[in-house]
Amino acid sequence: MKKSKLTIFAMLLALSLLVSCGITQKQATDLSVPVTNAAPSTGNPETRQDFVFGVYNFSKLDPADSYNGWGTIRYGVGETLFNLNEHLEVVPVLVTEFMLSEDNLTWTLQLRDDVTFHNGKPMDGWAVKASLERLVAKNERAAADLKLAAITADGFSVAISTTQPNPTLLNSLCDPYACIIDAAADDGSVDFNLYPVGTGPYVVKSYVEDVSATLEPCADYWGGTPASKSVTVKAISDVDTLALAMQNGEIDAAYGLSYDTLNLFGNDEQFTVSQAATTRVYMLFFNLEHEFMADETFRRAVCMAVDKDSYGSVLLNGAGTPTQSAFPAALSYGDDSKMTDVPDYDPEGARILLAGNGYKDTDGDGFLEKDGKKVTLRLVTYGRTGLPQTTQALQSALQDIGIAATYEQFESIDAVLAAGDFDICAYAYVTTPTGDPLSFLSFTTGTGNGANYGRYSNPQVDQLLHELSLEFDRDKRAARATEIQQIVTGDCAYSYLFHLNMFMVTKKGVRGIQQSPVDYYQITARTARE
Amino acid sequence: MKGPVYDARIRYTFLLVLTLAFLFLSILAPLFMPNDPNHASLSDAKQAPSAVYPWGTDWLGRCVLSRVLAGAPVSIFSALVIVGLTLMVGSAVGIACGYWGGKVDSILMRIVDIFLAFPGMVLALAVAGMLGKGLNNAVLALVATGWPTYARLMRGQVLTLKEENFVHAAKLNGQTTVSILFLHILPNALRPVVVTASLSIGGTILSLAGLSFLGLGPQPPLAEWGSMLADGRGLMQQHPWIVLYPGLAILMTSILFNLLGDSVRDVLDPHDSRNLFQKVKRKRIP
Amino acid sequence: MVNDVLQIRGVSKRYQAGNKNIEAVRDVNLTVGATESVGLVGESGCGKSTLARLVARLDSLDRGQVILCGEDISQIKGAALRRAYANLKMIFQDPRSSFDPRLTLGASILEALRTAGVQRSKRKAQAEKLLSEVGLNATFLTAKPRDVSGGECQRAAIARAIAAKPKLLICDEATSALDVSVQAQIMELLCKLRREHDMSFLFISHDLALVSGFCDRTYVMKDGILVESGATGQVLNHPQHDYTKTLIRSIV
Amino acid sequence: MTPIDQVGLLDIEHVFVKYPCGKDVLWDVSLRLQEKEILCVIGESGSGKSTLLQAILRMPGKVEITQGAIQFAGQDLCALEGEALRKVRGTGIGMVFQEPGASLNPIRKIGVQFYETLRAHGRISRRQADEKARNLLSVLDLADPERILRSCPVQLSGGMNQRVAIALAMALKPAVLLADEPTSALDVTVQAQIVAELKNLRAQFGTSILVVTHNLGVVAKLADTVAVMVGGQVVEYGSRDTVLGSPSHPYTRALLAAVPKLEPACHG
Amino acid sequence: MNRRIWQEPILRYIARRLGSLVVVLLGVTFLTYGLMYLSPSDPVEMLLQAQGIPVSENVVLALKEKAGLDRPFLVQYASWLGNFCRGDMGQSLIDGQPAAEALQAALPKTLLLTLTSVLVTIVLSVPLGILTAVRQNRFSDYFIRLLSFLGHSMPSFFVSLLLLYVFALKLRWLPVLASDTARGLILPTLALAIPMTGKYIRQVRAAILEQLGQSYVDGAISRGIKPGAVLVRDVLRNALMTLITLMSLSVGSLLGGTAAVEMIFVWRGMGFLVMDAIRMRDYPMIQAFVVWMALIYVLINFLVDLSYHLLDPRVRQSLEVN
């Protein structure tokens, strides 16, 4: 396979074409440069230094448990069979060759034979099978994504069959939940959520809940000697303190800083700021079951009140790229120009629209009423950097067009959303964590689906989602994904505000760690301080 | 007559006038606001002080001066309401205990003991936390924390005053219990209570700001000094005016009320201010 | 005697102090006849002030009866007690403490006149009259307790006490906080009141000499018990009880 | 006024005193205390008699002497400062306060307070101090001195504390003892005891005593010499018999007349 | 003879105090448990939502029945209290972790911070308070009082920010993150101790001045004892009770007042824990926090009372009389 600037879909297309021609695709690791893990190590045990990594959101480490796999991958404890490269293309990591059966139902993977778990056991086919079976047993999301029928292992090869053709299986195997761990080690003797046994360059030495994790290099890591003597991941749950600690030199790298600090660190020679556009989109959930939000015209007016450009440039200090689509423009299904029916920023137009639909300020308090009832919206959000700011800006913007709104910030928003206890929720969503649009679109727009908190339901969308789930053709997938977004944004069921550039600050002289477009690759074997 | 008491009275009058003026101004503060305190003008965000925004703008492009002014009534009057409610609830309980004694006293005092068993802000955190965020709950939380002190104080006062001869004399005059209570006991008992209350206003402002800082106070977009400080904390280095002015507002207000409280005490509770370590100036005529 | 102003019959009072019971007054019998002046002498802590408080119902008694002008007031409450108080007034050791520090002397006296049922229009004049009777001029109406001397304050207290024309005036160490010369003036005033009013006195003091100059009969109290009683001259000149003898001897 | 023509033990010469707040209290007070003399200063409240004692001891923070001199043992107390003044307090001049018990630290053992007092004026071991204290307490007829020395004032009765305080004031055998209203607020029977005790002191130790009181009975029993103060000035000064027997000043006469006499009631 | 006389009353006293302690603590638990009933959210629904289970009427009812939440309030309270006494403080609604475990991890941290802050407060406020009292109305008095006034008027979170800015960011002397090391504790300790010191200097001053006005001071002076000795041996000892009371109060205000400082310095103590719990409406955690804090405070007060007993013969005396 050629190494070029292809999207993941280019690759998938190629795969499917090749597969359909009945040619076995051999994939050697040296053909594609893995993004992170299997780097030629420069670690010299004599001169290695301790490395301290400050993070805003500290995670537990059992990959199968909710989103904890992000931590497992981020802290270099575990690895997935495949990774996404900077172009969100799937590249093999723990796998040497893979092929798809003619019926599109079975993938056969040939595993590397030099990979061992932290406890010294070899990562063979049975281990991978056990790891994946443990995953689908514990994680509903993974089970829904993978659609596993059966796994058979034989030596260093493993055959994964799915219940239906699953074009995104390899993408799903890139998801942090699919991090390969030694399932047999989860025998209850230690808390697997704190001390998972993975294949990554670092082993958890001690884990203090909510405080820090101390990691030791894995002596016989397959990718060479890890470059740091130890890695300490510190939980610094206060963004401002995180910034101060970074400034004060107490940590070597910081992730999760407030965007306000971009200039602070960017203008300081002692630090390196690495930025990467990610697939995280800041978006608004509208609760379509609530009185005013149920009205499409009303929603349209709300959308027109939103000044996406300023949000990205001011609230996020330039780290937000305004968007009409849920996906970054670099992706074929993230083309803003195709989102024709998305209302532009036009507060005056919004006022007129509202006035024309029976929203009038009848009692003269500066806020609109409909049929004598005051329009009041409940805005909710959670503490992720940028969201409270966005929501408060929205509150002010709504006030400008005469809509009263209350603001509430929660630490954990999902319960509030699930209960439908909101009108508008600002949310930051990683739309293509595994390089494919299906999961996000399905979750948020399919009738009755898990993250469809606004209770949006459109049979046309449901039909398209179904088609998308079975489609292996790249262009058609992109077209369907685009179509779904057109319908959804046309219905004003969601408003996608901007895409986020994530950034990471490191001390000068720190290497092997930087902001990746894939937000869960952080600590690697190369991460070290000079 | 000149002397320490005289000085205290002058100081008290001065501070009282200053405080009243301050209160008056904070009521009128909305009139002086150069801009809408809640209006976010993103294009003007994080601007340094200028003619349009005398104290600059915050991260959302809101006028800091307007927000500090808008926050004045919230911070100050909430604190006054808290102290007032605390005083009333506490005093009512204290009077009931002190005057009727017996079962009423022992039951109420047990309740007071229970409330006093919660250290410092713990009860406030619990009340605000359990009942949810917001100004009302924050006020309720601080009242719940504060009233037992006044109950104890008032009870002690009433118990002492009940045995004063002038109360006996009033009793022998044939006055009713209620009239004795309201004509003689209460007015005299109020003095230390008022001193305590006036000393506690400054602290209450700080406590409220503390709750706000923790996010348990008034919710956005309502301007409140503590939450402005919490909000703008990350910009402290780059755009200091965002935290400087609300911080100064808290400091100044709390200093003003603390000074007033001190001087109320000096006037109502004058104490001899000489001791053995005082050098006595000696003017000897040879 | 039927027309005794005050009869105290078998009055006792215990105080609970921790685990100990202190019997402050034990089985006291005492009478004050009409227009009679009766002295009660004893040293501090002997129970004489407690007895005064019991008689005035400022404290509840454990046993016994207090009969004031023929009415047993030892158990009555509320309105009945307030009515009974019309016949009973008391002046205290510390004159300043017997006035509400916030109010003017006038306000306190007017209050007494109001409760005595004097018409509003006549109160002011009456108050001035009362003041002149105790040797004070009308300017004292507007003075506060802390602005006047102890003697003046005690005079005002007396004026307030006689406002309702009580049958019995209890003087609890009424002069012992005052300077000798002031004490003499107050005693003179009390003598004058005795002459001019139809009033009985229960005069409580630790000073035998003072009692000897004022009282018809004298009771001597020690540790809550009356140890000796009789006409004042009798008690002074022929003391029966050892304690009375000690008392007389130690007068310096 | 008695002319002052020779040197006494304690000479108060034309002393003017004011309070720190600036109010004048004493005007031109002159008194003389001879050896073994008991001088009683009588006066009513506000006459400045207690201030006089504070002025003699130069109690810090209480009074300011603006004019005059207080000669004691050949030195002018008004000119003394610091250590020199401290040495006079206790050894030269002792003082018994109005409420003698209150002048003891309520929560320290009396033995310690004796030791500390003695130690402040010379080297002495704890055992020696205890010995001295025991002697002193027995001389003053206090029962069980051992127990007293091991107790804190709060554990003793008020009367006991008064006598302990007197003993403590006498611990350094001062030449002059100042007593500020030692009998007021006391029961008559106790008053008599205190009077006897002060006399006893003079007999035992030859102490000169300056007593301030408003109780003429005490004066009559105790004094050799009497001074009468009114409004911060001495209006009459002379031997007891002269002052009490044939008072010259009208105030003194009025004062004497006001004293209640033990006599049958004055009827109507 | 001495031993038996004063040991017996103190035992009686301890017994009596412990008895009333139990009553107070019962009240504390009742109030704490009752607060949850006043709260607007239903814990069962919250638990379900947190676990991502759709909230349906039937599920809620079934779970309530299982958890005994359909029983009368008092019965629920009794069973909760029973569990509490056995050390089971319920589970976090957020992650299902036993509240007891979380508290166990956080409590020592808050206690450590409290301890250091109280110590620093004592070390600063007692000598300065004495100094201002002794130098009353002189320059040093005014100056220290001015500083204490400023400290007293600043909230601890404001002090924290200033300290961070100056000592961590500008001078680079001290770390931003609190840690168990002495250096890591300095800033949070100061952030708590400075406002408290400001408050207590004034109170120590008042206490000392009050003692200086007592007659025993005159007595000691009249006996020729050196003023310095009077200050140390008499005045301080008599003011000790007030000082101890102040310190116990300061412990009290710290137990709840560390939240903001703990958040800023990322010091995972009780304040941090409860703020997390409050934001997530994690009622069992809040309850456990409140009850534990009250328990500790009540015990501290109890110990302080006992120390009065040991230090002050007046208190001993009053007990013996009673």
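Which chain is which? They are A, B, C, D and E, in the order written, and residues in each are numbered from 1.
Note that contacts are C-beta pairs under 8 Å (C-beta built on N, C-alpha and C of every residue); 3 or more make two chains touch, one makes a residue touch a chain.
Predicted model, so just to flag it, every value in this text is computed and none were measured.
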| item | value |
| --- | --- |
| Between subunit A and subunit C, the fewest steps along chains that touch one another | 2 |
| Number of steps on the shortest touching-chain route linking subunit B and subunit E | 1 |
| Chain ID, smallest distance between chain and overall C-alpha centroids | E |
| Chain pair bearing the highest count of C-beta contacts | B-E |
| Centre-of-Cα separation between subunit E and subunit A, whole angstrom | 43 |
| Distance from subunit D to subunit B - Cα centre to Cα centre, in angstrom | 50 |
| Cα-centroid distance, subunit A relative to subunit D, in whole angstrom | 91 |
| Multi-chain contact sites of subunit E, meaning residues that touch two or more partners | 169, 218, 221, 227, 263, 279 |
| Interface hub residues of subunit B, defined as touching at least two other chains | 215, 233, 236-237, 274-278 |
| Subunit D: positions in contact with at least two other chains | 59-60 |
| Residues of subunit C that touch subunit B when the two form their complex | 56, 58, 82-83, 85-86, 88-90, 92, 94, 97-102, 108, 111-112, 115-116, 157, 160, 164 |
| Sites on subunit E touched by subunit D in the complex | 214-216, 218-227, 229, 233-234, 237-238, 312-314, 317 |
| Subunit D residues within the subunit E interface of the complex | 57, 59-60, 86-91, 94-95, 97, 99, 102-108, 116-117, 120-121, 152, 154-155, 165, 168-169, 171-172 |
| Residues of subunit E that touch subunit B when the two form their complex | 20, 23-25, 27-28, 31-32, 35-36, 38-41, 133-137, 149-150, 152-158, 161, 165, 169, 209-210, 212-213, 217-218, 221, 227, 230-231, 251-257, 259-260, 263, 274-275, 277-279, 281, 283, 286, 289-290, 293-294, 296-298 |
| Complex contacts: residues of subunit E adjacent to subunit A | 45-46, 49-50, 52, 54-55, 94, 105, 164, 168-169, 172, 175-177, 263-266, 268, 276, 279-280 |
